[in-house]
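Chain naming follows the written order as A, B and C, and within any one chain the residues start at number 1.
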């Protein structure tokens, strides 16, 4: 029986970054963004608005200034760091977006701060400003390998301490050797060959 | 050869005792490991080690299509699966700018609040058990069983419900279900009093919980604590009130807050939340509007490129989803969960410092963690 | 010959066996009572209503593998359960279960022996039992048991002071240390000592709970904190011995409290002519009934109350119970001297 012709998988080029649409003309950014821009000229690269969320795209080197201002500024007062996470865009030179989700319990508003960070580029930790960021940054380090500096306790958090690689990166395979590779790479190779063999048959 | 140095004070030298609490321990609520440094029985420092239940749900979700992810969200906070479902579905709806029918929002509210009661039942049971009052545990599970029955009748599952769909709900509520929900509310009212009889004014309970793990409001906020653990410190932060989702903007309810920020206040806040949840359920059940249960959802869900963060109030606190869509593929480009238990657990070393071993157990209970959610 | 050897030996055999069977059924009773308190059924599978459960438990524990940790101190590890079990059993030698009965034409006393320092014997023998727990924690060479044994030694020593001081006031009332004489004193004064010494009664009850490591004072074996405490490393029959010792101690405490405060084998209103009909009930039945009430109370408390914390427990012992015990003793002494 003739083998069915293999349908070539449609390859979609990986996106090279988030769209970050600029705010529409009729939407004015919140007042504290203007204050921030005035206080720290050049620190805010752009602002973005999408489905009701405001995002500040900031200069990575000035994240500490921006964070301090956002926490202490009376019109911002972002006392709660709700989440810190990262996104991996491999084709881009500065491949990671580190995203800070901030919330103010006083004014009850939110903002997202985003910075672009390269693979080995040192990036200042905000855990001194919001202690909550401590574990979040540990997780980003664990999953993406973002090189945080000034972090009080930079260890892996979810993966084992001796894990190789950073699982959440886009070039890290979904299925893979995992622990088996660490224990005995040959076993894994044999297993993989057997599986490939089975696929061919 | 130099003779070894003689320490004359050696007899009175004291060492810290390092104790490994978990990952197999009856009171760490799963596979949490806490490395305690003890001076006698007093905790000098604690290091929280997590990750024993890490299943890579974020990575998996980035390789599943948008509908398949609902089922993965069940597996995070497995004692409040419906809440996780709601959070995820609403985030995707936000990305799609999709209108959810009012009826669906009402039923979601009912399910969320039932889930909150079920989760708090589990919390009060295990928390009391940790402090040694074991009867409350079985009483609370008796009532949780009723809620699980209600869920079973609605969606057929008892723990991992998969009970939401993007744009609404998968099923119309069964006939007579709302009557049963109201009946349950009636039963639950008296049962909460029963728990309170056993605990609230019990002298031993007071001694064990008052003044244990005190944390002030601003510090708790800075540490990222959320949910009842934060409200116990007197911060009126509740996503249901501050950023209403589902049908909470149409509901009338109070957000209970504590004053002292200790274990006892966190306990009182959750007890009051039982009552407020019942109040919401009553309003929502009596006011379920007519209409479709699911909105106009495209056959192939493919949100336009963009990203969003959406938070809801899970029984443990602020459950947030940060989702990035690239607009091309049928799966999210980045799927991130902000688990409330993770942030609350981060405060544990701060809470236990200076307390006794027995308090560590009480405090782990009082911040109400689920390891499935911490580790994902 | 018969009076000096055969009868005491028979009594010892009967008491020992009755105690051991009683202890195993205590376990069942506890499981059942707590189950009913918690709206469930408890053991139901082995025999009707689970009444054969103790047999199944015993078989299970006996055929279980007996593990000794490699790093443990082997001798002490083996000796510890025995040290805690033996004192719990030999205390029964002086506990009077009833007055005299005639069996086969022979007057038999329902106690193994009546020594004139009976109460002292009870207190001192019972306090040996704590060494079993301390040694178990030490010999296991493991951290949780070590913490538990530290807790146990601090707790038992401090509560023993309070309990013993309180018992002295009973001795002042009765004028004797002999258990039988104490019961007789209650007979002569027409009233149980619980009415004459209510404070002492409450103190001994609380102290008794603490001495037997029962909830809310079960710190040395706090399952939720210390994962079972001193018996974490024990399994099989050695574990069972600790388990049985705890229940045997419970029975001891309730028997002693019954004897000292509730008139032992005496019916209510002893030596009052109007209530003479109460003597138709055999004396040992009164004794068992009263002891049972205490055992039930112990179980009930366990089902209801949370556990104390270590420092609170010590505070309660040293700052509350001991001062009250001393005050009670002084008042008893003054009243005794003034009135008689």
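Heads up, the rule we're going with is that a residue touches a chain if its C-beta (ideal position, glycine included) is under 8 Å from a C-beta of that chain, and two chains touch if they have at least 3 such contacts.
Treat the numbers as computed from the prediction; the structure is a model and nothing was measured.
Asker: Based on the averaged CA atom positions, which chain is farthest from chain B?
Answerer: The most remote chain is C.
Asker: Which chain pair is joined by more contacting C-beta pairs, A-B or B-C?
Answerer: Of B-C and A-B, more C-beta pairs in contact link A-B.
Asker: Can you check how far apart chain A and chain C are, centre to centre, with Cα atoms defining each centre and the answer in Å?
Answerer: Using C-alpha averages as centres, the distance is 63 Å.
Asker: Would you kindly tell me how far, in whole Å, the mean C-alpha position of chain C lies from that of chain B?
Answerer: Centre separation, chain B to chain C: 44 Å.
Asker: Provide the C-alpha centroid distance between chain A and chain B, rounded to the nearest whole angstrom.
Answerer: From the centre of chain A to the centre of chain B is 25 Å.
Asker: Which part of chain B faces chain C closely enough to touch in the complex?
Answerer: Against chain C, the touching part of chain B is residues 17, 19-20, 25-27, 41, 128-135, 138-139, 142, 198-199, 202, 204-205, 207-208, 356-361.
Asker: Quick check on the complex: what are the chain C residues that touch chain B?
Answerer: So the residues of chain C touching chain B come out as 34, 37-40, 143-144, 147, 150-151, 215-216, 218-219, 222-227, 303-312.
Asker: Give the list of chain A residues in touch with chain B in this complex.
Answerer: Against chain B, the touching part of chain A is residues 12, 15, 18-19, 21, 50-53, 55, 79-83, 85, 87-88, 99, 101, 105, 108, 110, 112, 130-136, 143, 156-160, 167-168, 172, 174.
Asker: Touching chain A in the complex: which residues of chain B?
Answerer: 50-51, 54, 56, 58-60, 63, 94-95, 97, 218, 221-224, 235, 237, 242-243, 305-309, 311, 318, 320, 322, 324, 326-329, 333-334, 336, 338, 342-343, 346, 375-376
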